[in-house]
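Shared chain: chain A. Partners: chain B in the first complex, chain C in the second.
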Partner chain A sequence: MSTVPRTRTRPLQGASTVKTLNCPNCGGTIALRAAGTTVSLVCEHCGSTLDATQPELRVIVEANRALHRPLIPLGSRGELDGVTWEVTGYLERTDGEEPWSEYLLFNPYEGYAFLIDDGDRFSLGRLLDRVPGWDDNALSVGGQVFEPTWPTYEARVTFVVGEFYWRVKVGERVQVTDYAAPNLMLSAEENGAERSWTRSKLLARGTAEAAFRIPARQASWDSTPRADEPSPYRRNLREALVIAALAAAVLLFLGITAPSNRLVLTRQIDVPFDEKSHNVVIGPVDLPSARQSVHVRARVDTLNNSWLDIDYSLVERRTQQSYAGYATAERYSGRDSDGAWSEGDNDPGVRFSSIPRGTYDLVIDGAAHRWVDPKAAPAGFTPIFGSADLPPQDMVPVTVEVRRGGGTGGLLFLFLVLIAAWPLILWFKHAHHEARRRGWPQSDDEDGDE
Partner chain B sequence: MSRSSIFYALICLGLIALYASAARNGYSPFAQAGARPFFFYGSRGPTHK
Partner chain C sequence: MLETNCPNCGAPLRFRSADLAVKVCDYCRSTVVRTGDTLELVGTAAEVPDDVSPLQIGVRGRDGSHRFELVGRVRWRWDDGGWSEWLMLFDDGSHGWLGESMGRFMLLRPEKAVSGEVPATMARGGQVSPGMIAIIAGEEYAVSDARAVTVAGSEGELPSPASIGTQGFSVDLNRPDGRTASIQAEGGTVEAYAGRYVTLADIGATGLREFEGWPMPRYVAGHGA
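What follows is the complex of A and B.
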């Protein structure tokens, strides 16, 4: 991400800037690509470090070893961010645990840049020509805020070849502190003499590979994300939240404007105890809509230690089409060592779904039963369950209420849950990515302070 | 808009249409109507211990 105007961006022309020399140690032919700015040159044949500021290439460190070739050969050219870069140097570094590679790129109009390869992704780094500003606990460069990442670590050079604008050698150590922003990393490198700032941009997968014509790398989905790697779910999550909000608003509007339930009829019937079944027909139940739900409720206020089985049949008068349903009203109470207790639903309801238009009768089959405590005490003792003081009932009065329509609340809730499912999945994935991305270890000092 | 978002928007449209149709026809997946199963007949009593 260069701030240099495009008018200054010109590609390299031919190979006229390359100067061919012989290594004074091994005699191999070496190329000096950035003559005038190169300070140190490492022979790609024998590994000797040469002083490029001297015309005769004085040997600084003599070596006689075969060098392995970098993935991107020295002298390769490729276009990144609209600038044609030439690879002049290559070095490998490690923090003691993870190795990575850095290619030194050169363009006579743009200067130097670093192509950093962590083995999975490439980043393009440029040296900053200004000191970042502090903003609370973060750094700021050109309005972009960088958060602190892991503690300062030591980076050591383990391999070097090519030409550099500083005297680099194997074993060179610097203290590195990284700060991250989405797609960007700000690194401070310090040795005893100076501190330099590099801002690197995470390149899209395949960009560097295409620019330098090397095999493209496949994404590894189970690898830990980099500190500067933005969540791939963020965009989809934002879009899904907007869509979900719109859909939920439409659903709520439909739910609010849906017609509420209407009372069709109310009847009171009496169901005798200990009869196998007591049959009652009530009606008419007029259902005017093409299809509607019907809710039948039976309220039995006088139930005591007894239950009532109720079977319903909603029968259309003309076609005799029948729809069945059932409910059980029950109520039990008593007293034990913990005090008084009661349980059971004496107001059960049943909902019939999608009943067609017509005039119906509601056929009710009721059967009332007394509950007998199997551990009941003999006469004269206080019973554990129930109350012996209540007079025995012969009939159970039941209030039957029939309503049509309504009952869409559960359906509305179900659809809202279905709509929320995808944004929730994306949010979990996004949060998981961010937790792994920010999961850098804390230093002992920080732990101690906290 | 990403492909997955377009797909999700289409699913949301389908869900809205499904809800509107269900509400209009008085359909509910939570309706309890139906014949009483045979094992629902028999003795009942409190579960209190």
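What follows is the complex of A and C.
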């Protein structure tokens, strides 16, 4: 534009990067913002595609149509990550289901970047100057591993305005394959002749909006997460799990050390040595909880070489609903080649589980039996007792203890459920996020395949 | 270094290296070729159309331990665009090219040892296609792009005259490790260059062109340049 030689003597105050031109088709005033690099210029007034590689802007595709304006106007400047960018071009693309927008950003010292808008979030993409490395079905760039996402899809340009360093065309198609890492996406675009790699960084909400002065967007809870969007629940989940584990440990410790059951009644009964069973009813056994366990213990301290069969029936007074149990108390001792021995449980317990609320009687049928040690018996003499020096018994005194449990156990369980509730909710949210993040495009599309 | 005057307009001319025999006069755009102390006018170079490049003649920087200065430039055109090649004169007298294309920079050094399918095909004027292989300095490079090019303009000092309209064939190649190369055929000669992508910060470029309303890159601002 001038005859001043372009040498070091050029004035230092700085030239403008923007040249004002007129569209050869509609005559409208248009800007050329990256002269020398821009190849195509789509007039923002009439939509004609102009060839910017020639000093005279040649019309390549003539158009006369009203264009819609990008949300961020062409020529807007904004600072992202400390670099000022100017919007030089805008295009809209679709994969056939979801549309998105891309702004071509330019800085004379930094070159180009893409501001990608999926309608909810913005990300900033730069072209890679190298091919990513393969590492076990994943890609790596500069030590960052990117996982494969959904299958390769076709992206088609549906709208274009502004200037670009390549020949843009509505309808242009490329095959895109995306790989994801937290907050990062790696995309390969192939058009048959060429394959280019773009790494894009998901920008924090509000960053791009503030930089380019457009209204900030709100997070919507039901939107499908992006493949490069890290789960917002992961951190909370970890904290919740630690807290819940501590709480559960304390609770279990208290539950184990605290008495878990309560004595309802204790009664001493006498069971005679008799072939017939002896029937005793003790009560009342009041059971206040909806469901609880009942533990009946028979302690027989004086048992010696004899045994006791005990049948229990727990009978509800009003409904006569009954629950049966059986226990044997026994104690044997003697002397053989190995010396003195004794064995047997003289303190057996019976547990009734899940007994409903009510007032019960405990019916006890007991029968005591004597035992003769055949080895200890010399021929012709049959001792009735294992030790002749103990006086024979007629009655066996039995202490019956009835305890009810369940109350604290149920409460303990309830507390554990409550403690687990928050981590579980977070885990479900996290899993849901991850499933949707990895599952995009949604698998519930019946007619997804063309 | 040779200080002389333009045989056409009399403006001062400076040849800084014996290897760079061509100088485009800053004032009258005459292309002057030097043979020893003899100067010859070989034509007029086309002015490079004004562009938004941060580079200009006089920009200094470094590549490893070597400092360089940009002393010349050739602007190339092809069907779908254009790019610039800036001649880098290093402090050891060697030279290289700083390629500027699509807002990215490639630092390329001439390589003598080139063999393989690509240079052979280019030497006989055949068609080079993406994926073909060249061995440059013992390393294998694959063709990513190949196109017919013409010179659109030139300025400063150059190793050979670049007249407007000079036809050539240019092939871009790369390696998976990020290194890049270029092979150019012009007339019957095939020349290879190999190097890598760089940023202006990587090469510490100073003396960059200023643009109204654009802050200098941080690495420059930090040094008060």
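Going forward, the second predicted complex is superposed on the first by the 244 of 450 C-alpha atoms of A that agree within 3 Å, B and C clash if a C-alpha of one lies under 4 Å from a C-alpha of the other, contacts with A are read in each partner's own complex, and residues count from 1 in each chain.
One rule holds for everything that comes next: contacts are C-beta pairs under 8 Å (C-beta built on N, C-alpha and C of every residue); 3 or more make two chains touch, one makes a residue touch a chain.
Owing to the predicted nature of the structure, the values given are computational and were not obtained by experimental measurement.
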(message) If we overlay the two complexes on their shared chain A, which of chain B and chain C does A:107 touch? Say first, second, both or neither.
(response) second
(request) Look at A:37 in the shared chain and tell me whether it touches chain B only, chain C only, both, or neither; answer first, second, both or neither. (result) second
(request) Going by the touch definition up top, name the partner, chain B or chain C, that contacts more of chain A. (result) B
(message) Which partner chains sit in contact with A:171 here, chain B, chain C, both or neither? Use first/second/both/neither.
(response) neither
(request) In the overlay, answer first, second, both or neither for which of chain B and chain C A:289 touches. (result) first
(message) So in the superposed three-chain picture, is A:131 touching just chain B, just chain C, both, or none of them (first/second/both/neither)?
(response) second
(request) Return first, second, both or neither, reflecting whether A:244 touches chain B, chain C, both chains, or no partner chain. (result) first
(request) Return first, second, both or neither, reflecting whether A:369 touches chain B, chain C, both chains, or no partner chain. (result) first
(message) Can you tell me which positions in chain A touch chain C when the two form their complex?
(response) 1, 5-10, 12-17, 33-37, 39, 53, 55, 77, 82, 84, 106-112, 127, 129-131, 133, 165-167, 193-194
(message) Taking the touch rule as given, give the residues of chain B at its contact with chain A in the complex, in rising order.
(response) 1-2, 4-5, 8-9, 11-13, 15-16, 18-20, 22-36, 40-41, 43-48
(request) Write out the stretch or stretches of chain C touching chain A in their complex. (result) 26-27, 29, 47-54, 56-58, 77, 80-82, 84, 102-104, 130, 144-145, 155, 174, 176-178, 180, 197, 199-200, 208-218
(message) Give the list of chain A residues in touch with chain B in this complex.
(response) 235-236, 239-240, 243-244, 246-247, 250-251, 254-255, 258, 289-294, 307, 309, 311, 323-326, 328, 330, 332, 334, 336, 341, 343-344, 350-355, 369, 371, 385, 404-405, 407-408, 410-412, 414-415, 418-419, 422
